[in-house]
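Read from first to last, the chains carry the letters A, B, C, D, E and F; within each, the first residue is number 1.
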Amino acid sequence: MKRYLFVISRSPYRSSHAMEQLEAAMVAAVFDGQVSVLFRDEGVWNLQENQSGEASQQKTLSKVLAALSSYEIEDLYACHDSLVTRQVQMDNALTVKTLSLAEQSQLIAASDAVVTGQS
Amino acid sequence: MKRYLFVISRSPYRSSHAMEQLEAAMVAAVFDGQVSVLFRDEGVWNLQENQSGEASQQKTLSKVLAALSSYEIEDLYACHDSLVTRQVQMDNALTVKTLSLAEQSQLIAASDAVVTGQS
Amino acid sequence: MSLHLVFSVQGFHACQRRLHANDSQYLLGDVNYAWSQAAQVAEITSYLLAADAKTRGISLDISAPLTHIDYPDLVSLTVEHEPVVSWNE
Amino acid sequence: MSLHLVFSVQGFHACQRRLHANDSQYLLGDVNYAWSQAAQVAEITSYLLAADAKTRGISLDISAPLTHIDYPDLVSLTVEHEPVVSWNE
Amino acid sequence: MKYALAVHGAPYATQAAVHALSFAEAVLDQGHTIERIFFFHEGVYQGLNGQIPPQDTFNQNLLERWQALTERNVELALCIASAIKRGVLDDAEQTRYEQDHPTLAPGFELVGLGQLVAAINSADRYLEFPA
Amino acid sequence: MKYALAVHGAPYATQAAVHALSFAEAVLDQGHTIERIFFFHEGVYQGLNGQIPPQDTFNQNLLERWQALTERNVELALCIASAIKRGVLDDAEQTRYEQDHPTLAPGFELVGLGQLVAAINSADRYLEFPA
């Protein structure tokens, strides 16, 4: 099976980008793909603590993320630089490994298919 | 009649934003409105010389702009700062007045309705 | 006096540079993310859509010249200001 | 080696920071505007969609490490590279 | 006061619908009037018939919320030029262009850009919801 | 080589269609194959029936160009979850949800996200056209 990298570069509640990306990642995992997810740039806001999607009648993204391990998606990565620039307070229910820019280059190079889901 | 300010903040050929904005401005002018058009940020690329929409099977935006005077839209403005930052080479068939940031604030304040047309 | 409706982080930056003294601005959606890192303009009164801030998990220091409001308050603001200008790069 | 398809000015900046040595990048649409102002990375081979540059009236100095190509050349590039990564913030 | 509103964003791509609907409802609740909501650019997708709200997002039925505004004397008007190039057609345009089916949702109508200008002209306030 | 493509942008909002179509045509001209083009997010609006191209822009008929690809053995597949919440329905979904009319253009079909993964898995190359 292929190594998939799903990139989430958009913030959670403005558009359905992040949610639709996660749905695709879960399907790839169900199909036995080796799935990694990378949060970078505005996408790191998906990791912010104390989200409450209900206040906007939406699903809470951080809760969806916390459930990814039950789909055997364990490799969640976040851009260290993007987190620091934005001063994101990460939800401590999430297990996310932070990567340098160079490590992100390597992650991309080691993937067979990169799904960005941007429109 | 009201004083309308149409703001064009998007580049020409990626989306139909600028073209649809200009169509709205022409209609407002036909309805006897007092119409100004402000190009700012990425929107100043609409003023670039040597455009050739045909190469992408689209209308050439700078030619549409040059025809605005026949709709009695004479007040074309561009953000000086946006032009300089991007090193835009302005089409010399266009008569456009450049404005400082403070002058843009005044232009907005002097308008009854500001139409940005952003999506 | 103008009221600025600011919908995106980039729109926020474009707006800040073109604010008029005594204008007000109302921040929606993702602009909640931008506020905390922005240099604040003293004369500008700023409002924030409470639901959008809560959704995103952003708790901002509202001792700054910033007030959390909801849609009915926004209606009142639009009665008091003209023109109302949207920013969404 | 990866091939990066870059579709927007902000995507260009996000991509530049994460390029791997010996990667190539292909610039489409509005990225034609961004190239001329960008610091160029020596090891990266860059290609530009000729039709999109012409549409926008941008004539770039192609003595820089930059080549104008069309769709058939892009197909050849995708044969030579994997993965192909899109950037469009 | 009399309001004219414009919506430029598509459903799910932006929060335009949620922001505009919540504002419009608050305007009407306070006794003001909205003559027309004008859907422009990608905003015309708000009037596409057949949108099925996902069952997991609190049954957020945007289309029904728009349609409910028509009972409060709000006209839902799509820019005809923006709409037909994107495939949002009423009966008349479907017939004119010999297409299979109309695709415009009940309660919405297709109008010219002149109706945007007319609405702004007769309103005390004009607001746009791009996202 | 065998390609899988994805399109994420709506017509007129982005250049996704023009870039993807031109690339797909060049791929086929060079003797490669494209198993499937997967339309995701706002990309599903590419498959909306009834799009009437503006007469002034060189008769750029995007829908016809997509449909012409099916004659070259390319499957045009819309993500069903993305499509039905936005109102792009085939006959089956129209019937299931009791809507007035189907809105999907001929030549396109609605499929699950599994078909995106399957296409990527069996392809030598996967490319995305977001804008």
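Following the convention adopted for this analysis, a contact is a pair of C-beta atoms (placed from the backbone, for glycine too) under 8 Å apart; a residue touches a chain by one contact, two chains touch by 3 or more.
Small disclaimer: the values here were computed from a predicted structure and weren't measured.
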| item | value |
| --- | --- |
| Most distant chain from subunit A by Cα centroid | B |
| Rotational angle, Cα trace of subunit E fitted to subunit F, multiple of 5° | 180 |
| Far-end chain from subunit E, centres as C-alpha averages | D |
| Result of counting contacting C-beta pairs for A-E and A-C, higher pair | A-C |
| Centroid spacing, where centroids are CA-atom means, of subunit C and subunit F in whole angstrom | 39 |
| Separation of subunit B from subunit F, taking each centre as the mean of its C-alpha atoms, in whole Å | 33 |
| Rounded Å distance between subunit C and subunit D, as computed from the means of their C-alpha atoms | 36 |
| Centre distance in Å when subunit C and subunit E are each reduced to the mean of their C-alpha atoms | 25 |
| Sequence positions of subunit E contacting 2 or more other chains | 10, 12-15, 41-42, 81, 126, 128, 130-131 |
| Subunit D: positions in contact with at least two other chains | 8, 29, 52, 82-84, 86, 88 |
| Contacts with 2+ other chains: residues of subunit B | 13-14, 16, 42, 56, 58, 113-114, 116, 118-119 |
| Interchain contacts (touch definition) - all pairs | A-C, A-D, A-E, A-F, B-C, B-D, B-E, B-F, C-E, D-F, E-F |
| Residues of subunit E defined as touching subunit B within the complex | 6, 8-10, 13-14, 16, 40-43, 79, 81-82, 112-114, 116-118, 120-121, 126, 128, 130-131 |
| Subunit E contact footprint on subunit C (complex, rising order) | 5, 7-8, 28-29, 52, 71-72, 74-75, 78-79, 82-84, 86, 88 |
| Touch list for subunit E against partner subunit A, complex | 12-15, 18, 56-58, 60, 131 |
| Complex interface listing, subunit E residues touching subunit C | 1, 3, 15, 19, 22-23, 25-27, 29-30, 32, 124-131 |
| Subunit F-touching residues of subunit B, taken from the complex the two chains share | 13-16, 54, 56-59, 119 |
